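Chain nomenclature is as follows: A, B, C and D, assigned in order of appearance, with residue numbering initiated at 1 for each chain independently.
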Amino acid sequence: MDQNTTTPLLEVRNLKKFFNTKQGLLKAVNNVSFEVKQGETLGIVGESGCGKSTTGRAILRLVEPTAGEVIFEGEDITAFRPDRVRAFRRDAQIIFQDPFASLDPRMSISEIIREPFEIFKLYSRNEQLERVQELMKLVGLSTKLTNSFPHELDGGRRQRVGVARALALDPKFIVCDEPVSALDVSIQAQILNLIQDLQDRLKLTYVFISHDLSVVRHISDRVAVMYLGKIVEITSYHNIFTNPQHPYTQALLSAIPIPKVDAKRERIILEGDVPSPVNPPRGCIFSGRCPFVMDKCREAPPALTETADGHFVACYLVNDTAEEPES
Amino acid sequence: MKTEADNMVAPTGEQAPNTRKSRSQWAEVWRRLRRNRMAMLGLVIILIIFFTAIFAEVIAPYDYRTQNLMRVADPPSREHLLGTDDLGRDILSRIIFGARVSLQVGFVAVSISLIVGGTLGALAGYYGGNLDNVVMRFMDVLLAIPSILLAIAIVSAFGGGLINVMIAVGIATIPVYARIVKASVISIKEQEFVEAARAVGARDSRIIIKHILPNSLAPIIVQGTLGVAIAILSAAGLSFIGLGIEPPTPEWGAMLSSGRHLIRRAPHVATFPGIAIMITIFALNLLGDGLRDALDPRLKQ
Amino acid sequence: MHKYILRRLLLLIPVMFGVSFVVFTIMFFTPGDPAKILLGERAPEAEVQALRTQMGLDDPYLVQFGRFIFNALRGDLGRSLTTRRPAAQELWARFPATLQLAAAGVLVAVLMGIPIGIISATKQYSLFDGFSMVLALIGVSMPNFWQGIMMVLLFSIVLRWFPSSGYGTFRHLIMPALTIGTSSAATITRMTRSSMLEVVRQDYIRTARAKGLSERVVINRHALKNALIPIVTVIGLQFGYLLGGAVLTETIFSWPGVGRLMVDAIRQRDYTVVQGGVLLLALTFSIVNLLVDILYAYIDPRIKAQYK
Amino acid sequence: MSETLLDIRDLRVTYQTEEGLVLAVDNLNLTLKKGETLGLVGETGAGKTTTALAVMQLVPNPPGTVESGEIWFNGENLLKKKNEEMRTVRGNQISMIFQDPMTSLNPVLTVGFQIEEAVMLHQKLTSKQAERQARDMLKLVGIPEGRAGDYPHEFSGGMRQRVGIAIALSCNPSLLIADEPTTALDVTIQAQVLDLMRRLRSEFGTSMILITHDLGVVAEVCDTVAIMYAGTVVETSDTRRLFTEPRHPYTQGLFGSIPSLDEEVTRLSPITGIMPDPTELPSGCRFHPRCPMAAEICSQRTPTMVPVEEGHNVHCMIYEGLVEAKKE
C-alpha cells in the first residue's frame, strides 16, 4: 500500500470538544490531530469514555467542535455554514453502533434507505425505488425485505440497512462508529467483510472506531489509540501489535484474551479505573495508571511526536523532551 | 456503483424468508389492542356514547327541555325509564343530550392543552437551553396550583358556559402535557436514528415532524385518552358547584347537582347522571390502560 | 442534604411569586367592580369612585400587583368583599378543617392503596388482583361528588350510621375522608402495582433471589423500597388533587373548610377571598411537594448523593 | 479430582411468547467435574443464560418453564427439590454472577449489606460477624473495607462487578456460575476482573461455569468447553483439544469469524446466514441451514452425541459417518 504518496482526504488539527456538565467541564476530545489518506482505513481504538465516538462525530459536525480544524478535501468544514454542512453530508457519512437504535422504528426499510434521496431531492420516485433495490442488493439484503420494518429484522440485517443508508448518497468517506460491537461473532464477521468489500468496490475512505483492538487491527491500515480524550499512539496495523511503544497500548494489547491455548504472553494488569475526563490528571493523562511513570510525567503532558516513519507516540519514555505546547 | 455486486455476499434473508406479513408499528399496536378484551370493551362503550351523542335527537325519547310540572321527580317508570328531574324533564333524554356536552368538553379541553402544552413541551425538549428554562418554570407555576382550583379561578372570573369551561379545563392541564411531551421528545431526541437523520442531511423541521413526533406519540396518546376522562370529571365538578354549563343545557354534573337536594325524596335524580359519568370515565380508562399496554414495547418480549 | 433542602426552599420563592402573578392577573381582568360589590349595586357613583381611589383600584396594573405582593408578604390578602373582614383571617380560620380533611384523605389513600397494590403485584393475575384492579378502576372513574352523595344516601339516610354533614368528631370525618380519598386510593393502588411489577423485573431482584432469600424478604427488603420511589411522588401529587377536591367534598358535607368558603365566595363574587384561597392552597401544595422531595432524597441514595 | 459435581441430562426449557413457543434449551446434556472450570460458549439466543437459570431454578415463570430433564448436583436432582430446599442451595452451594454490574445490585442498599445478608442467611452468623465477613470479602476482591457503607452508584462498573463476585463467593459455594461477567466491562478492567476470578477460584477451590461468547476468555480461564447453538450443546471437549482441533462445523465457523490480534488475516471466513427464529427452529440438526457441509439427511435427523476422542464429543452426522465432510 503506497499510502505515503497519496494526499490526505481528511486532516484533523488540534480538534477539541468540551461539554459542560454538572460536575464541570468534560474534555471529551482534547487536542487531537491526525490525517486520513484517500482510500485508507484509519482505526481509532480506546475504552469507553476515551472520546473516540465524539471524535468521529465532530469530524462530521454531528457535534460542533469546540476548537480545531477539520480539513476535508482542502476545505475546513468547521467553518462551513449550515447549508454547506448539508452539502458536505453527501461526501461524508456515518454507520452507527446500535442497529436497534439507529433505524427509525416507524419507517420501513425502503423508507429508511430512501430518506437521503428525499432530503436532497434526488431522482424521480421510481428511480428512487430502483436505487433502493440496488443498494439493498449491494449490502446483501434480500429485496423481499423492502417493505419490512426494522423490528422484524435481526441485528445483522439491520446493520446492513444502516450501511445501505450510509451509501445512498455515494459518499467518499465514512465514519464507522463501532459498527459491529452490538453483533454476535458470526454476524460481526459478515459485516466486517461487507465493509471491507465495499471499500474495495467503491473506493471508500474509512475512519473505523471500535473498543476492540482485534477488530480495529483487522480492518485498518493504520491505528490510533485514544485514552482520555487524547491520541497516545498512531502507527500501522502491523506495528501496533509487533512494536507498540506507549505503555497504554502495551497494556491494552496484553489485556486482550487471545483465543489460543498456547498464547503465552506477558500480562500487564493496570491498576484502578480510567479517571474522569472532567478531572484528568495534570501532566500525562496516563500517569495515574502507568507502570513506568516518572516524575516528569506528572508535571507536563508529552506531545505526540514521530519516533519512526509514520509512528507517532506521546510518551517521555520514547521521546523525553517533547512537551505538549500549552493550548 | 454496479449491480453485479449481487453476488458479492449471499443476500441474507433468502434462506429465512419473511413468512409473516410485514406490519408497521401502528398495525402491531392495533393488533395487540384488539387482543385486549377490556380495552375493546372500553372502545365499544365510547363508540356507543359517541353514537348516542351524535344522534341524540333521534334516540332520546323526549326533548331535553320539555318540562312537565305534573310529574316532578318521578321515579323510573315505563314512560320515563330513568324517571324525571326536579322540573319534570325526562332524565334519560337529558343524559343522552348531556353526552354531547361531556364529550365536547372532554375532547376540546384535551385538544387545547395538548396543542398548547404539547407545542411548548416539544420546543422545550428539542431546543433545550433558555427556552426550556422559561417554559418549564412557567409550567412549574401552573403545576403549583391544583388544576381544578385553577379551572375554578378562571371560570369564576370569566363566567361559566360551554366555551369558558372547555378553555378553563384545558388551560389547567397544560403543564401535564408540556411535561409529558417534553420528556418524550427528549428521550426520542437522544436516539441514534435522529442523529442518523441529521447525518443524511435532514433539517430540524424534518427531524421533528418525520422522526420525533411519530415516535413520541405513544405516551401522548395514552395521556390524552386518560386526559379526556379527567377533563370530563373536572367539567362536571365545575357544573356541580354551579360554575360550569348553564341551564337549560343538560350537563351531567349540573343534573347531579340539581338532584342533590332531592336525595331523600327522589334519589334517582342524582344517581343516574353520576352513573353516566362513571361509565364514560370507566370506558376511557379501560381504553387508556389498553393503549398503554399495547404501546409498551417491553411487553413484546 | 441541607444544601438540597435550602435549594428547594429557595425555588419555592419564584414559584409562589409566579402563582401570585397568575392568580392576581386572572382576578384583575375579571369583569365586575369590587368597589361596587362592596357598596352594593345601588350605591351612588361618587361614593363608589371614592372607594375605588381609596382601594387603589385606579392605579396601573403593575402598581396594584406590587401592592398585592407587598401586602401578601405581610400576611395581608385584602378584605373580604362581603364580610369586610381580612380575607387572610377568614381563610386561616377555615384552613385547619381543610388540612384535616386532606390529610385524612391521604391517609385513607395510602393505607388502602399501598398494601392492596403490593398484594396485587405479588399475586399478579390472581383473583385478588383481578378484583382489586377492577375496583381500583371504578375508584378512579367515580366522580367524588357523586360518590359523596351516594354515601350520604346509603350511610346517613338509609342506614343512619353517620351524620350527613357537620364537623368536629371522628364520626363526622369518616364519610368526607372516604369520599375524598377513594380516587387517590385507587390511583395509588394502580401505581403501586405497576411500580412493583416493574421493579420485580429488575436484575437486582434476580440477584437477591440468587442469594437464596425467601420471596417475602425479596419483596419487603429489595423490591418495596425501590418501588416506593415513584409512589412517593404520586402521593405528593395526590395531595394537591385532594386540596382541589376539597372544594367539592366540603360543599357536599358542609365541611367548614377553605373550599366551601371559596365556593360561597364565588357565588357572592367575593374575589379577594377566592384569590386568597387559591394562593393559600397552592402554597400548601408546594410545601407538601417540598416535603415529598426531601423524603424522596432519603429513600433514594442516588438523589442524596447529588447534593452531598 | 474426577468426581462429577454437576450433571445436566436432557434439559428442556421453553418460553411462552406472543410469537409462539420458544425452545430456549432442548436436549441439553452437560457435566462438570469437581474443581473444574467449564466454558459455556455461544451467541445470543444459544440458551446459555437459560441453562444457568435452570440450574439455579430461577427461570422466570411465567413465561418460562423447565419442561423436562434432570439436574444432578452433588448426587441430588435439583429439579425435584422444593422451593424452600432450593433456597438453601442458592447463594450457598451454588451462586451466580450476572452480566450487567450496573443493574444487578440493588441501588438503595449499601454494598456491605448486600454481602451481609447472604452470609447471615446461610451461615447463621450474628449481624456483627456478618458485617465483619462482608468487609473481609470486600478486601478480598480489592475494595477498601471502608467502602462497605457506600451505595452501588458510588462505584465504577468494574468495582461493582467485584462486589458481585464478593456476594457470590461470600458463602464459599462449591459451584459458581458466572454469566458473561466481563462482557459489560472495558478490556483493561476485564483483565483485572478475570485475574481476580482466577485467583479466587484457586483459593476457594470453587468449580465454575463461565458463560461467555468470547473464545479468548475461554482460552485463558477454562479447563473444558461446551459450545452451544440454538438451545443445545453441539460440541464439548477439554479446552486444548477444542482450540487445536475444533470438530463441529459451527465451532469451526466461530473460529473463522474472529479477527485475530496476532496473525494477519486479510479476510474473515464467517458463517453464512443468520440465527434461526427461536419460534421456528429448523428440523433435524439446528445448524444445517447455515452449515457448509450440510447434506439432505441433516434436515431430517437429529444428530446424536459422538465421542471423537476421549472427552471430546460432537453432535454432528459427519462423525456418525452419515455425511461426508467436504474439503474446503
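By definition in this document, a residue touches a chain if its C-beta (ideal position, glycine included) is under 8 Å from a C-beta of that chain, and two chains touch if they have at least 3 such contacts.
Given the structure is predicted, the values throughout are model-derived calculations rather than measurements.
Peer 1: By C-alpha centroids, what is the most central chain here?
Peer 2: Central by C-alpha mean position: chain B.
Peer 1: What's the farthest chain from chain D if centres are computed as the mean of the Cα atoms?
Peer 2: Computed centres place C farthest from chain D.
Peer 1: How many angstrom lie between the centres of chain B and chain C, each centre taken as the mean Cα position?
Peer 2: 23
Peer 1: Hey, how far is the Cα centre of chain A from the one of chain D, in Å?
Peer 2: So the centroids are 32 Å from each other.
Peer 1: Report the inter-chain centroid distance for chain A and chain C in whole angstrom, where each centroid is the mean of the CA atoms.
Peer 2: Going by mean C-alpha positions, chain A sits 54 Å from chain C.
Peer 1: If you average the CA atoms of chain C and of chain D, how far apart do the two points sit, in angstrom?
Peer 2: Each chain's C-alpha centroid was found; their separation is 53 Å.
Peer 1: At which residue positions does chain B touch at least two other chains?
Peer 2: Counting only residues that touch two or more other chains, chain B contributes 10, 12-13.
Peer 1: Quick check: what residues of chain A touch more than one other chain, meaning two or more?
Peer 2: 156-157, 190, 193
Peer 1: Within their complex, state which residues of chain D touch chain A.
Peer 2: Result: residues 43-44, 156, 158-159, 186-192, 194-195, 213-220, 239-240, 243-244, 253-262, 264-265, 267-272, 274-275 of chain D touch chain A.
Peer 1: Which residues of chain B touch chain C in their complex?
Peer 2: 137-138, 140-142, 144-150, 152-154, 156-159, 229, 233, 236-237, 240-243, 253, 256-257, 259-260, 263-264, 267, 270-271, 273-274, 277-279, 281-282, 285-286, 289
Peer 1: What residues of chain D sit close enough to touch chain C in their complex?
Peer 2: For chain D paired with chain C, touching residues are 56, 58, 84, 87-92, 95-96, 98, 100, 103-109, 114, 117-118, 121-122, 151, 153-154, 164, 167.
Peer 1: Flag every residue of chain A that touches chain D in the complex, lowest number first.
Peer 2: Within the complex, chain A contacts chain D at residues 47-48, 154, 156-157, 184-190, 192-193, 196, 211-215, 217-219, 237-238, 241, 251-261, 263, 267, 269-270, 273-274.
Peer 1: Which residues, counting only chain C, touch chain B once they are in their complex?
Peer 2: For chain C paired with chain B, touching residues are 14-16, 18-19, 21-23, 26-27, 29-31, 137-138, 140-143, 145-147, 149-150, 152-153, 157, 240-241, 243-245, 247-248, 251-252, 262-263, 266-267, 271, 274-275, 278, 281-282, 285-286, 289.
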